[in-house]
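What follows is subunit A paired twice: with subunit B in the first complex and subunit C in the second.
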Partner chain A sequence: MSQAAPLPLVASLLDMPLPASGIAWLDAARQENREAFAAGGLPDTRVEAWKYTALRALGKRSFARGDAAATSRAVAASTFALPGVDGPRLVFVNGVFRADLSALDALPEGLTLQPLSQALHGDAEPLRFVLSRHYREVDDAFVSINAASAVDGVVLRVAAGVKVIAPVQLVFVGAATHVELAWHLRNVIELGEGAELGLIEQHVSDAEPTQLATVVSDIELREGAQLHHTVLQNVAVIASLIRRSSVRLHAHAQAMLHVLELGGALVRHDLRAELVGDGARFDTRGVFMPHGRQHIDTQLAIRHQALSTTSTSTWRGVANDRARGVFRGAIVVEPGADGSDASLGNKNLLLSPSAEIDTKPELEIYADEVKAAHGATVGQLDERSLFYLRSRGIPLAEARALLTAAFCRAVLDDLPNEVLREHLSALLTAHLPA
Partner chain B sequence: MLKIENLHARVEGKEILKGLSLSVNAGEVHAIMGPNGAGKSTLGNVLSGRDGYEVTAGSVTYNGIDLLALEPEVRAAAGVFLAFQYPVEIPGVNNTYFLRAAFNAQRKARGEKEFDSMQFLKLVREKLKVMQISDELLHRAVNEGFSGGEKKRNEIFQMAVLEPQLAILDETDSGLDIDALKHVADGVNALRSPDRAFLMITHYQRLLDYVVPDFVHVLADGRIVESGDKSLALKLEEHGYAGLGEGAAA
Partner chain C sequence: MNDTMTRESITAAATLRDNAGVAEALGRSYAAGFVTEIEMTGLPPGLDEETVRQISAIKQEPAWMTEWRLEAYRHWLTMPKPDWAKLKIDPIDYQAISYYAAPKAGPKSLAEVDPTLLETYEKLGIPLHERAALAGVAVDAVFDSVSVGTTFRKQLAEAGVLFCSMSEAIREYPELVQKYLGSVVPTGDNFFAALNSAVFSDGSFVFIPKGVRCPMELSTYFRINAQNTGQFERTLIVAEEGAHVSYLEGCTAPKRDENQLHAAVVELVALEKAQIKYSTVQNWYPGDENGVGGIYNFVTKRGDCRGDDSKISWTQVETGSAITWKYPSVLLRGDRSVGEFYSVALTHHYQQADTGTKMIHLGKHTKSKIVAKGISAGRSSNSYRGLVKMEKGAEGARNYTQCDSLLIGKKCGAHTFPYMEVKNPTAIVEHEATTSKISDDQMFYCRSRGIGEEDAVSMIVDGFCKQVFRELPMEFAVEAKKLLEVSLEGAVG
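So, the complex of A and B:
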């Protein structure tokens, strides 16, 4: 592979000079990851995790680095405003931190929230463990280039025992530029023992940026910590976004994630969880809803590594037009994770004969006394239900929208924040085919 | 109001209705009785516009218009209502939300002003009282987890809210115990009016003890083979369907 000329994408991402941090271990890690990306290139569809997401077209494109105007680019607040949701907020535009759009005044005691670029200026040592990682696997390509290139991101810490209830908002805006832009962000989130955090992560666009973004997040939940995390991905349908979120849960830690994947041309999210402490619990609820020619791929991987750990995963996919949805839910219950409980369900709806959804639940169990269930379906709207609604006077298009919204509802039902639930529900409805 | 002439209809290539004719005027209650397989449910489905039913001959005129040319939702807005034999469960759709969507869609189609949620709630409360239904039903998903009796009562409740001109009740009595049957019958009786017609499709005579029809028709092998008043139903009760229709014109 290294003999052939690199793909334009790989060449253009490598063309960017390595940012010097002045921190020896960080520069070394960036160099290593850069070399790994240069050597490995992009995964092709023979790699299991990329089987349904071909990177051929993306690989032929070149992206420029850095938006010089990002610090002053006007971005409408309506792009990311969540009515009725207040609280601290960190906003990035084209990968650049924007103090003017952020809300960092009067942070509650015990909450650290700052851009990575600032955190590295201070004591970088607490970030060393996470940021020193090397990514060498073939399906790590975008993570390694992210680790090599990201100069900013979020550092969020909640001190032990502190509860941050008003949700913290992380907003990643892509704004249109004259050139096709690539940007990378790296987030490090840690909840101390018994800490609690409400978190909203938004990926949105201002105007129509044809860009490529990578966002890599590491989330560590110490013993007994609790995270309520809502992810809203609604970027422009011509933007490409590749994310990896890795969550580590220590004993009795709990994370509940609600994920809405609505926008993007090519969207990939690797969501990985390791339940390393006894009694840890990881719950995900998600909807992906591609239309037009969108391609949205979610790869959920959960590893039960300790006693009596629990995971539940409820996902819905709705594809319309010529869109493609991909879902892989891989659960591994490792030796010693006895008494664990894992369930995963993915139901999918095809609204058009040209739409496609590929779903693959995988379950591997190497422990004892494990309760596990998984299932996946792909189908169409129920004709009997459609007729029932129409026989009451509801026109066909409205009946289809109503049933599709109902199909997705299970995912939002247990979102505790009512304002947020209403908002997401309205967004879903707005995305339904008219 | 409704005029069915020489209606022939097929399901999956098999002819089920074979020349059915029937006239219904406003204010009348007609009972259509017949053995299993006679075509009773096919009639209800053809009238409400369900897919999969192919009309091969004949006509259905409703208030002077060709009913068969209309989409199901257009028929509904024009005042045709089918109470389903098997009401469909729709998880995730709230009963009140569904009913308001239907109510407003019909009003919109007729060029009338839609109701806001307060206006609609007021209307629903009034109808609940008349139908003697608990409002707990409203907060659940459409028919989800409803008992057989609750589903049928929910159909009648929808009818009360939507106020159709022509109500077709497809075996609304089937599967009900006597108390549930009485509740459903009370609901239907409360909705009888000079402007409204009912077509009650039933296998058994017992519903007709509670909702007394003006006309009774016997449907056998895809045609009306005998018509009469309510005494015909009693005769059927006594002698069964066997041997009926010999007096009717072939």
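So, the complex of A and C:
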């Protein structure tokens, strides 16, 4: 994969001193990951995981690191305010922690919420396991450069048995700068035994930043922990965002994710779940709605590794204009994961003759006491439903809008926070073509 | 004739079912190594331009054909070996293969044929007069089939159907071969297709002229007259405007063959309103129960619906080969053309299969249907990989895909990798897949009605595959069912 001359993107991301933490194992891991990125470069479309997402155009661009003004940039609270959400909050602007915008007072007992930079100043040892990982796979390029370069991020812990119901809000803001900026954030989230957490993760922009951001999150759910996680990605359509979220679920842990992918120029989200404990359950509901020239790629991979684990996934895609939506939903049932029950559905709508949807549901099954099914469709609105509405006097355009909105909103049906659900639903509708 | 065959098969199987001793002796062991005298006159192992020229010379081919082969060979040299499939393949030494072997002398009569092989034929219900031909007994020793074959040949000629070996076609109908050969699978299409184009030894050529409906299933004729076409087979079937043909390749009987690598190419061309139905039953040596030996079956099969309202249908039953790696595809170029793919792939012991199809929709209102059934047993790995592509011009195109996997045992794998690429908003693509095992409830139901374990499994498997078997020519459907039974022996319990 190594090129004769590194691509401008690779060169620019490498063209900066490694952050020095003063922690030997962390510095060593950063060095290692940096070398892996330098050696591997960017994956091309011959790499299966990047088949439908070409990095050629992005690879030709250079990005600067470090926004010196990030600590003082004015960012309006309206950028990230959400109705029905008024809990603890951690805000980053261009990859830098902003105490002034965060809400960390009066954290409920048993909840640890702090920026990674602070956590490393204290006892870094609990973070060692996650942060000393090496990423060398061919499709890990952005994760390895993130692991080498990220100096901040979220550290969130919920102690065993503690229930944090008012959702914790994590906000990642990209703000416009006079240079094209790259920034990286690394999040570590852990729920202790029987803990419960409501979590909202927001990716937003202030003005129109032409930047590249990488966000890598490791989420661990101990025995019986429960996570309700809502992700709202609504960055400006000129910003590129590449994320990897890895969720590990121990016995009887449960995670429910709602994901809205609305903004961004080139957006890629690798969402990986490992069900390592018996009886664990992982549910995802997601929608991606690229329009204009957006490219939104979601790579969902769920590994059932223990007995009687369950996963359900419902994903919707709507592509308009010249946009491209990419979805891969892979379910792996490993040997011995008997009693696993996995289902995945991905339905897509193509609204324009120049848009494209590429979808790839996969099943890899190595156990026989298993129920696994997936389905995927790409098409247009059901003619009969349209006819039904029109026969009741609803004009065609309105009927289309109604059905498309209903198609997308299906993924929000089981979102418990009603006020938030209405808000997100309105956001989806606003994203639909008039 | 079909009726007789079916009845014969059923009686034969019924007798056998009672004969537990015979059944046990058969097991899953594969009969090979029964060739007594081998006279080899062929090329020594190795591959270079000279080998390609020699093959062409032996076949007395015209200069353009030699050039065509050489071009393919030169292209092949520049191609990397593909490695993207979910397969573990031991490296192949292309210089260790002999690229041309003269037809080998087989046993002189049925008496010389390995009795276990004959028993397998018996079990599959293959008609007596065909067994000799299948076992490789020299055709002139098989009186019945010669006469049957001659009758068929006459009938085909009257209809104007051209059906001959590829070498004969190159000599007799060069203008047709030149026009169509490589027009669906170009010489440089992929690594194995390029290799095949350079060194193919022989194969079949079928040409159905305008408006002709082939008077018989070419399968019937083909089975009796099947020659040992070697490991690099090349098949070309052309159906002109409004022509119809049904063709069957291979047979349920275990095939006598010592070649390890099989890289065949099959090209189908359907012009306006033409219909081609291509059925494959593949039961090559799968290796022993420890995964030693067995055939690599790396085949490029592609049909081109060139004319409007044309139809190409692939049906395959794959039970043999250590590794099966193929994707019979259809290019739906003509408006309203139809592509179909029906497949049963069974793997047992250490067999591996990565198979599926590609439906490329280019024309308006084109339709495709995919039904794939995978059965994994033992320690095998069975993957479905399929592509459905709706190009910009595919107005109102439609695809429906269903692929189901059945797992028998705890050590096997069943995988599904469908790719859907849609660039037209009026096209509709649907894919569904399920993976399951034979449930205890199903087994209990059968057992409680006095059906033995193995019979119950084969009944359930048969039901699972019904949708595909329905598409096979009738006598083969009967054999295919039995073939799965034989192949699954020892999978349960």
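The rule is simple: the second predicted complex is superposed on the first by the 421 of 434 C-alpha atoms of A that agree within 3 Å, B and C clash if a C-alpha of one lies under 4 Å from a C-alpha of the other, contacts with A are read in each partner's own complex, and residues count from 1 in each chain.
Here is the rule we use: contacts are C-beta pairs under 8 Å (C-beta built on N, C-alpha and C of every residue); 3 or more make two chains touch, one makes a residue touch a chain.
Worth saying up front: this structure is predicted, and the values here are computed from it rather than measured.
In the overlay built on the shared chain, the residue A:T298 is in contact with neither subunit B nor subunit C. Of the two partners, subunit B and subunit C, it is C that touches more residues of subunit A.
By the document's definition of touching, of the two partners only subunit B reaches A:F387; subunit C does not. Shared-chain residue A:E364: touches subunit C; no touch with subunit B.
In the superposed pair of complexes, A:E398 makes contact with subunit B only, with no contact to subunit C. Judged by the touch definition given at the top, the superposed model places A:F407 against subunit B, while subunit C stays out of reach.
Using the contact criterion defined above for the overlaid structures, shared-chain residue A:P353 touches subunit C, although it does not reach subunit B. By the touch criterion defined above, A:E48 lies against subunit C but remains apart from subunit B after alignment on the C-alpha atoms of chain A. Of all residues in subunit A, those touching subunit B in their complex are 382-385, 387-396, 398-399, 402-403, 405-407, 409-410. Within the complex formed with subunit A, the subunit B residues making contact are 48-51, 71-73, 75-77, 81-82, 84, 87-88, 90-93, 98-99, 101-103, 105-106, 109, 141, 158, 162.
Remark: subunit C residues 84, 390, 392, 405, 407-437 touch subunit A in the complex.
Put simply, subunit A touches subunit C in their complex at residues 48, 52, 335, 348, 350-353, 355-380.
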